[in-house]
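Okay, structure first, notes after.
Chain lettering (A, B, C and D) follows the sequence in which the chains are written, and residue indices restart at 1 in each chain.
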Amino acid sequence: MHIGLIGLGRMGGNMRDRIRNAGHEVTGYDQNQEISDVEGVADLVAALPEAQRIVWVMVPAGEITDSVVTQVAAQMHSGDIIIDGGNSKFSDDTRRAADLAERGIGYVDAGVSGGVWGRENGYGLMVGGPDDTIATLMPIFDALRPEGPAEEGFVHAGPVGAGHYAKMVHNGIEYGVMQAYAEGYEILAARDDLIDDVGAIFTAWQRGTVVRSWLLELLVKALNEDPDLDEIRGFVADSGEGRWTVQEAVERAVPAPVISAALFARFDSRQEDSPAMKAVAALRQQFGGHATKAAADG
Amino acid sequence: MHIGLIGLGRMGGNMRDRIRNAGHEVTGYDQNQEISDVEGVADLVAALPEAQRIVWVMVPAGEITDSVVTQVAAQMHSGDIIIDGGNSKFSDDTRRAADLAERGIGYVDAGVSGGVWGRENGYGLMVGGPDDTIATLMPIFDALRPEGPAEEGFVHAGPVGAGHYAKMVHNGIEYGVMQAYAEGYEILAARDDLIDDVGAIFTAWQRGTVVRSWLLELLVKALNEDPDLDEIRGFVADSGEGRWTVQEAVERAVPAPVISAALFARFDSRQEDSPAMKAVAALRQQFGGHATKAAADG
Amino acid sequence: MHIGLIGLGRMGGNMRDRIRNAGHEVTGYDQNQEISDVEGVADLVAALPEAQRIVWVMVPAGEITDSVVTQVAAQMHSGDIIIDGGNSKFSDDTRRAADLAERGIGYVDAGVSGGVWGRENGYGLMVGGPDDTIATLMPIFDALRPEGPAEEGFVHAGPVGAGHYAKMVHNGIEYGVMQAYAEGYEILAARDDLIDDVGAIFTAWQRGTVVRSWLLELLVKALNEDPDLDEIRGFVADSGEGRWTVQEAVERAVPAPVISAALFARFDSRQEDSPAMKAVAALRQQFGGHATKAAADG
Amino acid sequence: MHIGLIGLGRMGGNMRDRIRNAGHEVTGYDQNQEISDVEGVADLVAALPEAQRIVWVMVPAGEITDSVVTQVAAQMHSGDIIIDGGNSKFSDDTRRAADLAERGIGYVDAGVSGGVWGRENGYGLMVGGPDDTIATLMPIFDALRPEGPAEEGFVHAGPVGAGHYAKMVHNGIEYGVMQAYAEGYEILAARDDLIDDVGAIFTAWQRGTVVRSWLLELLVKALNEDPDLDEIRGFVADSGEGRWTVQEAVERAVPAPVISAALFARFDSRQEDSPAMKAVAALRQQFGGHATKAAADG
C-alpha cells in the first residue's frame, strides 16, 4: 500500500518509519523541508496512486487540521480518503466528514496513543468511520498497531467521531491516572523521616502490585534519571482532550471528580499567582486581620 | 461579674473591651506587658474573686493552650472554671476536661467566630460543657454575643468538645464558601473582554441575590480598596480547623469534596513548586517527549 | 412606563406584581390563560405603546426562549426592545442580539436573582447591552431591584451577554456555597453522639459568625420546618448555569474545584446507580475477590 | 525455613501455598478449623523451631491484629519475630514494635499487594523494620514476591512503619487510578449513540496506549463477563488505607484532590440518601420554590 502522511513531528515521523518497516510505501510531507519527502501538499497527493489516494493527516488539532484537510481535499477526487490522526475534537470530525462526503471523499478519525514509544511498541488505535473505508485502511492500521491480537491494540469504535471520542476519554483517564501516582509520590516524599527512598518504592511496585502499569514504569524511569525530580519544574501543559472530556462529562451529567481534579491541577501548575487565592487571602485579611503576603514580597 | 482573660491579641483584646463595655470586670494577661493588666498568670488568678475564679483562655491552639491551662489550673481550687475560647481540637477538650475534673475544676470549650469585627458586632459563640457550668457563664456569653435573639448568636452545642466541634465545622464551611466566591471571581476576571468591572458585579450582589452574605460584603470591601487585588499575593495559610474538618469527615465516611477542595487550594497556594506536578511533568516527558520547564528556568 | 412580560410563572408572576406596585403598567402573557392578561403574543405586543414596544421575556432557557423571542420580534418594528430575563447561555445572547439588530430591534440580557423572595425583597439584577438601551429600561430595573443604593442590587455588567455571564457565575458560586453548608450539615449530623441539635447550631450562626448569609437563614428556616430533613429526598436538579460555569472555567483554564465538585454532587444525587462505581466494584471483585452487591439485591 | 502463619483467608491461604511451593515449611492457623493446621495460637508457636520462632500475622487490621499479636507474643521469647502482613495503620506499627522490643521480640510490618492473583503472580511487598531482621526474613519474602528482579517486587522501605506507610499510599493511588478508569467508563457508556461497544474500547487499550495497566486488564475481564455491568451494584466498600492516605495528606499539607475524590465517591456509593443533598434540595425549595422529591417517593 502507498499512503501520504502530513506532519512528521514526534508522532508522524515515527509513524512513517513504522509503516515503512511493515512494507508499505509512505510519502511524507512536513513544513520542515529537511525531513519532508516532497515540497508541498500538492506534490504529496500527486505522488500517490491515482486510483485511490489515501492521506493521513498528523498535525496538531484545531484550525491547522482544518486548513490542511482543506488543502489536501482540494487535490483529491471522489473515492479518495483522508484520515485525521491528530487530537481533533470529535464534533469537528462530523462536520469535516459531511463536507468531504459532498465531494465523495471518505473521512476517518483516528485516535493514536503511545507517544514516542509507538515506533517500537506500536500505537494503540481507536478509529471512527464507515465499515468499508475502515476495511480499506486495515493494512495501515495493522502496520501501526502493536504486535498481538488485533483487538487488544485497535478498535473500530463507531461512526465518524467515535475514534477521537474514545481517544479523548483515553486522555481524560490518563490525566487522572497520572495525577493519582503524582499525589502518591508527593505524600511519600513528604515523609523523608520515614521513607528511605521514594524511587525504590515505585520501583518495587512494578511487579505483583495492583497499581502496576506502563505509566508507573515510566515514572520509575524518570526517578532513576532524576531521583528528586530536581531538574524539572511542576509546570504541566494540557492539550484540548482533558478539557473536552470534562466538558463532555458536564454536558452528559456524568460526575467526573477525578478527571476534573487532575485537569485543574494542571491549570494551577501554570499560574504564577492565583486570582482565586488572592481573593481568599483578601477575605481572610478583611475578617481576621490576618497578615497577607504583599505582591511585592515576590 | 469578674473574670480573667489570658491572651490579648486580635481576638482577646477586643473581647476584653466588649465584656467590659457590658459592665463586667476583666483582668487580662498577655505576654506582652504593654497590654497586660497583670504581670503573670498567678497574679491574674489571685486578682479574681476567691469564691469562684473564672478564667477564659484565648491563645492559639495546640501545645500553648495545654501549657496555659495547666498553669492556670495550678492556681485554682475546686469549683473554679476554665474556658478555652481558642481553636482547640475538640478531642483535646475531652482530655482536658477529664484532667481538670479530677481536681473539681470545671471546663467549657467555646468556639468564637467573628474576627476583628466581633468587638463591634458581637461574636458568634458555640459552647460545650455541663448545663450548670454554662449557666454560670451566661452573663459573659451574653456580653460577647451579638445583639438580637440569643439563639441566633449563641448555642450550647452539647457536652465538652461540642463547642469546638461546631466551630471546626463552621470554619470548614467558611473555607468552602470563600473558595466558591474566589473561583467565581477568577472566572469573571478571566473575561475582561466581556465583563467591564468585576468589583461592580460583586457590589451588585449585595442585595436581592441568592449569594448575598457577610463574606461577600467583605470581598466588596477588599475590591474597593484594591480593585484587581494587585497588592496581595495568592498565598493562604490554614489553621487546624479546616484540616480537622476534612479528617473528621473522612473518619465518619462523610463525602466532603467542596471543603477538601478548598483546603487543598490553600495547600497549593503555599507551594513554591509542586512535587506532584513535577511527577506529572516528568511522566509527560517520558511518554510524549513533551518539553518540560527546567528547574533552572525559574 | 408600560411593558409586556411573557412568562408568568414563579418568577414572572411575582415580577409583574413588583413592577406594577412601582407604578408601571404591565401586560402579561402566559400559556396558562388563567393568569394571562392577553390571549397571545401578538395581542401582547399590540397592547403596548406604538412608539416603542418593550417586552421582557421570562421563560425557561433554551429553545423556548429562542422561539418566543422570534415570535415577539415578528410583531415588532425598529426601535423596539426585547429583554431576555431567563437563564439563557451568554453565547446565545450575542447571536440573538445580532439577529435582532438587523431589524433595528434592541436586545438586553438580564440575569435575575432572588427566587420567590424577589417580589418582596427585590431582585438582584445583572444586565448586558448598549448604554442607551439600558438607560431606557432603568425605570423597570429600578422597580425590580431591591431598596437601597442602586449599585448594591443592580449592575450593568458590560455589552450583550455580560448580564447572563454574571448571572451564570453567580449561580456557579451559589452551587458551591450551598454545597459547603450541606457538607457541614452532614458532618454535624454524623455526630449525634456529641452534637445535641444540628438545627440549633445553624440557628446560632446567623449573627456574628463569619458564615452568616441569606442562604444560611434559609437553611435555618428549612431545619425549623423539618429538623432532620426527613420529608425531603437528597435529589437535586441543576439548571444549565452551573454546567456552563464549569465548562467556561475549563475553556479559560481557570481551576474551579469547588464549583465543579458541587455540580458533580448534584449529578450523583440523581443517579439510581452509578456506572462508574459499578466499574470500581467490578475491579475490586476482580483483584481482591471482594464481595459485591448484586444488582438483584436492590 | 519454617514459619507460622495466622489467618488463612483469601490472602493468607494463598500465601501459605506460595511459600510452601518455594520449599519452605508453613504451619498455618485459622479460626476456621477446616483450613487450619493447628488448633490454636499456642499450638502454632509450639510447632515452630525453638531457636527462633517466626510468625506472620495475616488478619484484618485494627483491634484483631493487636489481639493476635499479643497472643502470639505471649508464647514467644527473646529473638523471635512477628511480621504483621495485614493492612495496619503505620502508626500502630511503631507502638507494637516498641512493646515487643521490651521483651526482645522483633517486629516487621509488611504491606502485601496483589490480591487473589498473588498466589500465581507473586505478591508486591513493602516492608519496614531493622536491617538484620529483614535479612533473616528474606527467604520468605523471596518466596512471596514475583519472579524477576527482586527490587521490582520487593522494597525495604525504611524502619518499622515504613512498609505499611508505603502500602497505604499504594492503596490511595489505587483508589485514584480505579476511579479514573471508572469515570472514563461512564463517559463512554453515556454515548451509546456514538460508541458501539465500550468493552471493545477498553479491550483495545491493552496494548500500545498510555493507559495500559494491570487494572485495565482486570476491567476488560470484568466487561467480558458482564458487558454492561448489569449484575453488579455501584456499591463500593473502603478499607482504612484510602482514608489514612487522605488524612495523612491533610496532616502534611499535601494537596490530594484525586485520591480524596476517589475516596468520597466510595462514601457516596454507599449512601441510601445523602444528608448533604437533602440540605441542598431543602435550600433550593426555600429560595426557588423548586419542587423536591418527598422521602415517601422512594
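Methods note: contacts are C-beta pairs under 8 Å (C-beta built on N, C-alpha and C of every residue); 3 or more make two chains touch, one makes a residue touch a chain.
For reference, the UniProt names are A, B, C, D = Decarboxylating 6-phosphogluconate dehydrogenase.
Since the model is a prediction, treat every value here as computed from it, not as a measurement.
Visitor: Report the chain whose CA-based centre is farthest from the CA-based centre of chain C.
Guide: D
Visitor: Looking at B-D and A-B, which pair shares more C-beta contacts?
Guide: Higher contact count goes to A-B.
Visitor: Same or different for chain B and chain C, where same means more than half of the interface numbers show up on both copies?
Guide: same
Visitor: Would you mind pulling out the distance in Å between where the CA atoms of chain A average out and where those of chain B do?
Guide: 46
Visitor: Roughly how far is chain B from chain C, centre to centre by C-alpha average, rounded to an integer in Å?
Guide: Whole-Å distance between the two chain centres: 33.
Visitor: Between chain B and chain D, what's the gap in Å when you average each chain's C-alpha atoms?
Guide: 37
Visitor: Among the residues of chain A, which ones contact at least 2 other chains?
Guide: 114-115, 179, 181, 183, 186, 190, 210, 215, 254-257, 261, 264-265, 268, 274, 276, 287
Visitor: In their shared complex, at which residues does chain D touch chain A?
Guide: Listed in rising order, the residues of chain D that touch chain A are 90, 113-115, 118, 121-126, 145-148, 151-159, 161-162, 165-166, 169-177, 179-181, 183-184, 186-188, 190-191, 194-196, 200-201, 203-216, 245, 248-249, 252, 254-259, 261-262, 264-265.
Visitor: Using the touch definition from the top, list the residues of chain B that touch chain A in their complex.
Guide: Going through chain B, the ones touching chain A are 10, 114-117, 178-179, 181-183, 185-186, 189-190, 215, 218-219, 221-223, 226, 229-237, 257, 261, 265-266, 268-269, 273-290, 292-295, 297.
Visitor: Quick one: which bits of chain D touch chain B in the complex? Just the residue numbers, please.
Guide: Its residues touching chain B are 210, 238, 243, 246-247, 250-251, 253-257, 260-261, 263-265, 267-268, 270-271, 274, 276, 287.
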